[in-house]
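In the two complexes that follow, chain A is the common piece, with chain B as its partner first and chain C second.
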Partner chain A sequence: MVMNAITPIRTPAEQALIGAFGALRDSRPTSAALEGLRIDGFARFEASGLPHRRVEDWKYTDLRVLMREARPLAVAPDASVLLAAKVALGRLKRVGGSRIVLVDGFHVPDLADGGALPEGVTVSDLAAAMAQRPEIAALVTGQPATRANIAFALNNAFLTDGLLIEVAPGTELGHALDLVSITSDGAPRLVTSRVVVVVGAGASAGIVETHCGPAGVEYQKNVVMQVVVHDGATLEHGRRQVEGDQALHLATLEASVGAEAHFDSLTLTTGAAVSRSQLFVRFAGEHSNVTLRGVSMLKGRQHADTALVMEHAVPHCQSRETFKHILDGEAHGVFQGKIIVQPVAQKTDGRMMSQTIMLAEGPSMDNKPELEIFADDVACAHGCTCGELDADLMFYLKARGIPHKEAEALLVEAFAREAIEDFGAGPLAVVEELREAMLTSVTDWMRARS
Partner chain B sequence: MSLLEIKNLTAKLAEEDKQILNGLNLTVEKGQVAAIMGPNGSGKSTLSYVLAGREDYEVTNGEALLDGENILELSPDERAAKGLFLAFQYPIEIPGVGQMTFLKAALNAQRRKNGLDDMPTPEFMKLVNGRAKELGISQDMLRRSVNVGFSGGEKKRNEILQMALLQPKLAILDETDSGLDIDALKIVADGVNAMRSPDRGFVVITHYQRLLDYIKPDVVHVLSAGRIIKTGGPELALELEAKGYADIVGKAA
Partner chain C sequence: MPAVQETVEQVRAIDVDQYKYGFSTDIEMELAPKGLSEDIVRYISARKNEPAWMLEWRLDAYRRWLTMREPDWARVDYPQIDFQDMYYYAAPKSNAAPKSLDEIDPAILETYKKLGIPLREQEILAGVAPENRIAVDAVFDSVSVVTTFKEELKKSGVIFSSISEALHEHPELVRKYIGSVVPTTDNYYATLNAAVFSDGSFVYIPPGVRCPMELSTYFRINEQKTGQFERTLIIADKGSYVSYLEGCTAPMRDENQLHAAVVELIAHDDAEIKYSTVQNWYPGDSQGKGGIYNFVTKRGDCRGARSKISWTQVETGSAITWKYPSCILRGDDSQGEFYSIAVSNGAQQVDSGTKMIHLGKNTRSRIISKGISAGRSQNTYRGLVSAHRRATNAKNFTNCDSLLIGNACGAHTVPYIESKTASAVFEHEATTSKVSEDQMFYCMQRGLTQEEAIALIVNGFVKDVLQQLPMEFMVEAQKLIAISLEGSVG
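And then the complex of A and B:
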């Protein structure tokens, strides 16, 4: 029997993405490994379309509405784009050792800065590594929860270039790697990038991502970072999302954490008109620690969604999730945090907190904490606060002569500092610089309000 | 010109109808220490908050002139910059705001409003360390967040430290003696006495005469039901201590 195919109504953005995939497939054949990933990602996207408010995970970030159009795919940067990128990078202070640069999603070794890569660190082409090493190909495919995610599927569908950063077992980095992903000025594009970070057993490393681009340009960016922290290793991961004010930024961080390992991640969000930061983190080995933190400072009509899934798949692990929003104007913040404790994951210790300060009458905040606990001997908690700055604290500061705006800034900085100050308790000197840079960003943001 | 002149001041909590200050008149001269005593609920703390500009209170009538200028329309920080200082009855803890950051912000805010540049950090450190030492405030306390983990006595001493740095024209001490043991009371009183000068005035609000053994007032006012009902010399405080408030309050009523 032949059934009539149901033709879903496609939005202009969906139609454009479908068209772009076809054109890309015809113009840029890639290795079989990448091709499989692309086809799988595209099939998932084609089946569901852009996620909208009736898709639970995307309830507060309706991409069908927020992504009206899809921009043409970014192309490899030409000489003039690279020159402009170089100038822009010169203004961006390094907060680590060696700088690795992506322009419009393409790795540009010529723009590397801060000296040679430290011993024990290699940066290679992801597609080539996937073709030669099945374990890398498997890693890039993603965990089931990640694979089911449409932003991730779209990243796969348009993947043409990727980076593999490996830290050899036992390596101790004195400085974090400074990974900058910059979008060029000019006609708005859709940028796709993929970075895989593998930290070998017993190694200790740091990486700082900075995502930036031009103001006033409605570019779109879909970035994925996949991280493996092997047994006994430590990774400190910082992320600065300082995209241009009209940008759409979709970020996915997937991490798998081995036994007796540490993963500490801190995201500062001040950029983009619409952004979503997704974290899929999974304990794969016992006696490990994960700390996920974020500070989002939003103004005007900015929208930022943090959606995290912390999966305790093995016993005896500890996770801490601390997210802070500082909202002004008519901004919209979203925090969705889910802790999953699998039946075997006894002695799990998980604690999640979302706190928001409203600096005006206009902003809104949605919080959706979820605990899915299938083990019976665990300690799991979540908490959530939302409010204005404390009037008594404000009065005390003002009674000492501190003007209103400055008093607000002092209290907001204190609020943000709680999430930032003990980030990266490890030995890396760079995290100190990152902490300072982030606190400075908080101060600058508050100053720019007045 | 008097340093502070309060004329027919009436005020209430913004969200309630009941008047707490009912036509209060009070004058404080330069160089004077004026004690304000009164029973519970007489409006002592309200007076201090209204003068400092707390938003929960609404002034319904009258004026308060500091050096001839009505301050009631000014924001709390503007009042502070004009030289008004309130030592809080319950100094508040401010987690995450470092003591030095706070002191520096306060001092520099005042300097800026008076057309001065920010104080250079070395000079500021020297100033704070010197004052802190006089008040028995340790380096450890200076490194912590404002008032966080301080004992009751330490918080009060910290108020006096702030006063010593800001050098106000008029300082209002709201029950600075509450919660203090004798040793702490002496330290606080010494800090206040060291700042007495012909240009500066103090309003010392207290329940008990004890504080006035250490900070000798020039004049004592009795506040009851939101008005000053009696004014006298230091002997008035002793009389109140001996006889209680009921007698005076009864006569005035």
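And then the complex of A and C:
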């Protein structure tokens, strides 16, 4: 049949991205290691174009429709941009200890805050590290599942530099690192950034990412964080996505977890018009545990997608995935989770749960909690619920004199708390800081609603 | 935890090399020329003396099929099918409209006897209570050879015949309903079926009638290199009830044979259709050689208010299964149910599940699915539950468990849960402990162990249906009933 002969019609966004790649290649030559990644990423993008609803992983987030045009690539911030960023940052409460700042995807050491980096923590340029250290170059290349992802491929295509954050083996951080990625006001841009976090053996650390930007600006952001948690190490990872209301936000988190290690990640999504948070997590050593959680609170016509792949590639590991959606207005929530248990991964214990509360008649929710199991001695489960606030509970609270709105807020907070409350097993201060920041956001969102 | 020994033994008893229906019948057949073309479509239509509109309908489907691409989203892997290398029509030569059983080739009768399917009404009558009788439509390759109890059913107004016969006797009914649930444009295999379907069963239950006996169709593929494309159409008019059973087997052959059927169910106001399948097509040998490709589109339309459609399936056969019996819950307060046990052994690949599409208000659906994979097989549950904007107060409960025996096989779960209305309540559970706690408590309080209680609850409905199946249908099913859920995963 003639189907194969059809040449794809490029959308304006695709054409713009192809053009931007050409321009970037001419204007900003980089190291050989980066060049290989860029070419590979671009080739993957060029071959498949923007993912659309016929691509199973993107079934509910059709980028051809949701990303009508691609913004020009962000440029290094000038003095006026930095000044505006400084003002905006001043209003953003710091979570944890030292603050590391990216403006429009560019690392700005001058805006660092909260004192010097703690002992054992180093922050360096990724490109330079890749050139000197093959293990870092290999890490940045990504795992096969991540490499096949188009958002990741696009990030690679525009990769000119990034940030390498290392926590030396045995280090115990008293406070979380506060990583802020802020987008500047003005003409909308496409911001890409790459952050690599390596937690050395036996170390214990926390990091919280905050992604923010101006309201009313249709900027686009495609960010990637790659994490390695070495044997016996612990990493608490928090992520606050509070982008501007018109933004498009694509985020990829890739993590590899060593033996007897612990990785706990919590994402809070309230911002952006369209967002997608992708998690690719893999066990690389036995007797480890991973917890992935998320709370998405959406209103208006917001669209937020969480797509995770949890791969049990070794025996005796435990993973928990708990995701909550609170939907208002005509918001659209998506949860696609997949637990893969490889044939060798006996004694795996995996549990995935996705729960949704709808606060209005208008929202919609699409769930796809998948299990892919190849080992016979495992305990895996998934659950999914979707509905409105329990009428009985509402009645109970109202019968005790609590006004409707407050009763709603109370129940929603309790619902969100389930995902947040037992966050973290690392140093107490780090965990407390993260948990408090998240719970405050939930309360604020509910308050803003009424 | 791993599967318990008892389960391992039970699954072993129905392993692919234990296939009992692998014999073939030597009989003179009339075959259409090999391959597929417009001429073949015309040939099939002409053989059946079909009205002109039916031929047009088929040709439309065929032309559309030519523009379609084979679906590749299912988790099954098989070599490209050569649609020109098979026969689309195969009928026993002697079957020139037999008036009674005596005119049917004795070899065919012998085949059904060996399969344990009762075709002689008087034999059934002896010693069987009237309410336990069962009417059979026996489909042999491309044609229906006999339909039993037709006269008796007619007395209650029930029409039960082969679809070719119905096209002549009740063309208005067939024309009104055929393709109204699974349109000719639906999917690759359904479109192919629309073009070349050769026979199948037709059932119409008039308003207010409770069908006096179980109806069933027994499908047998016998001829080499043929595909079987049957089409079943069941209409339950207002306030009626019917229970329908379907069984299928095929000889052991080294080649793969294609079975692409379409089943359409229509339930009007207050009607109920219970559709049960014991699918035991030849699964191929332990190395994956041969076996049936079972690519089936089954869909029920709860068109009327308070209607109910329930699918029960016991799947042990076929090299590859690709089937998703679904319910469109269009009428307000309508109900859909899906109960499935799918066991895969050897090199079998199963990608099966259901779709519950909630369109009407207060619609309810329930999905209980149990997949067991052993050997080197892959067993996937793929299901969709969706509620549209209008489907206020829709409710769904889904429970799917899977069990692996050995670490060379795979069990996968791919549920899609889509809700567009806040008042819809969807619950998807993949843990055995969450089977209605009240029921569990009730059973355990009466002295059953937890495992016994779970088996009783999950299988309760299935057992109920299976007990009404003819004995031979039941053999595999009975073995499955006792299978322990211990060690199952989500």
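What we mean here is this: the second predicted complex is superposed on the first by the 442 of 450 C-alpha atoms of A that agree within 3 Å, B and C clash if a C-alpha of one lies under 4 Å from a C-alpha of the other, contacts with A are read in each partner's own complex, and residues count from 1 in each chain.
Keep in mind that, in the parts below, a contact is a pair of C-beta atoms (placed from the backbone, for glycine too) under 8 Å apart; a residue touches a chain by one contact, two chains touch by 3 or more.
Note that the coordinates shown come from a computational prediction; the quantities given were computed from them, not determined experimentally.
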In the superposed arrangement, does A:Phe374 touch chain B (first), chain C (second), both or neither?
second
Taking the superposition on A as described, I'd like to know which of chain B and chain C A:Cys386 touches: first, second, both or neither.
second
Touch check for A:His287: first (chain B), second (chain C), both, or neither?
neither
Chain B or chain C, by number of chain A residues touched:
C
If we overlay the two complexes on their shared chain A, which of chain B and chain C does A:Met358 touch? Say first, second, both or neither.
second
First, second, both or neither for A:Arg64, with chain B first and chain C second:
neither
Is A:His316 in contact with chain B, with chain C, with both, or with neither (first, second, both, neither)?
neither
Thinking of the overlay built on chain A, is A:Arg25 touched by chain B (first), by chain C (second), by both, or by neither?
neither
For chain A, which residues lie in the overlap of the chain B contacts and the chain C contacts?
none
Applying the document's contact rule, which stretches of chain A touch chain C when the two form their complex?
1, 3, 56, 343, 346, 356, 358-388
Hey, which residues of chain C end up touching chain A in the complex?
1-3, 66-67, 69, 73, 402, 404-431, 434, 489-490
Under the definition above, what is the set of chain B residues touching chain A in their complex?
52-56, 75-77, 79-81, 86, 88, 91-92, 94-97, 101-102, 105-106, 109-110, 113, 145, 162, 166
Within their complex, chain A touches chain B through residues 391-393, 395-404, 406-407, 410-411, 413-415, 417-418
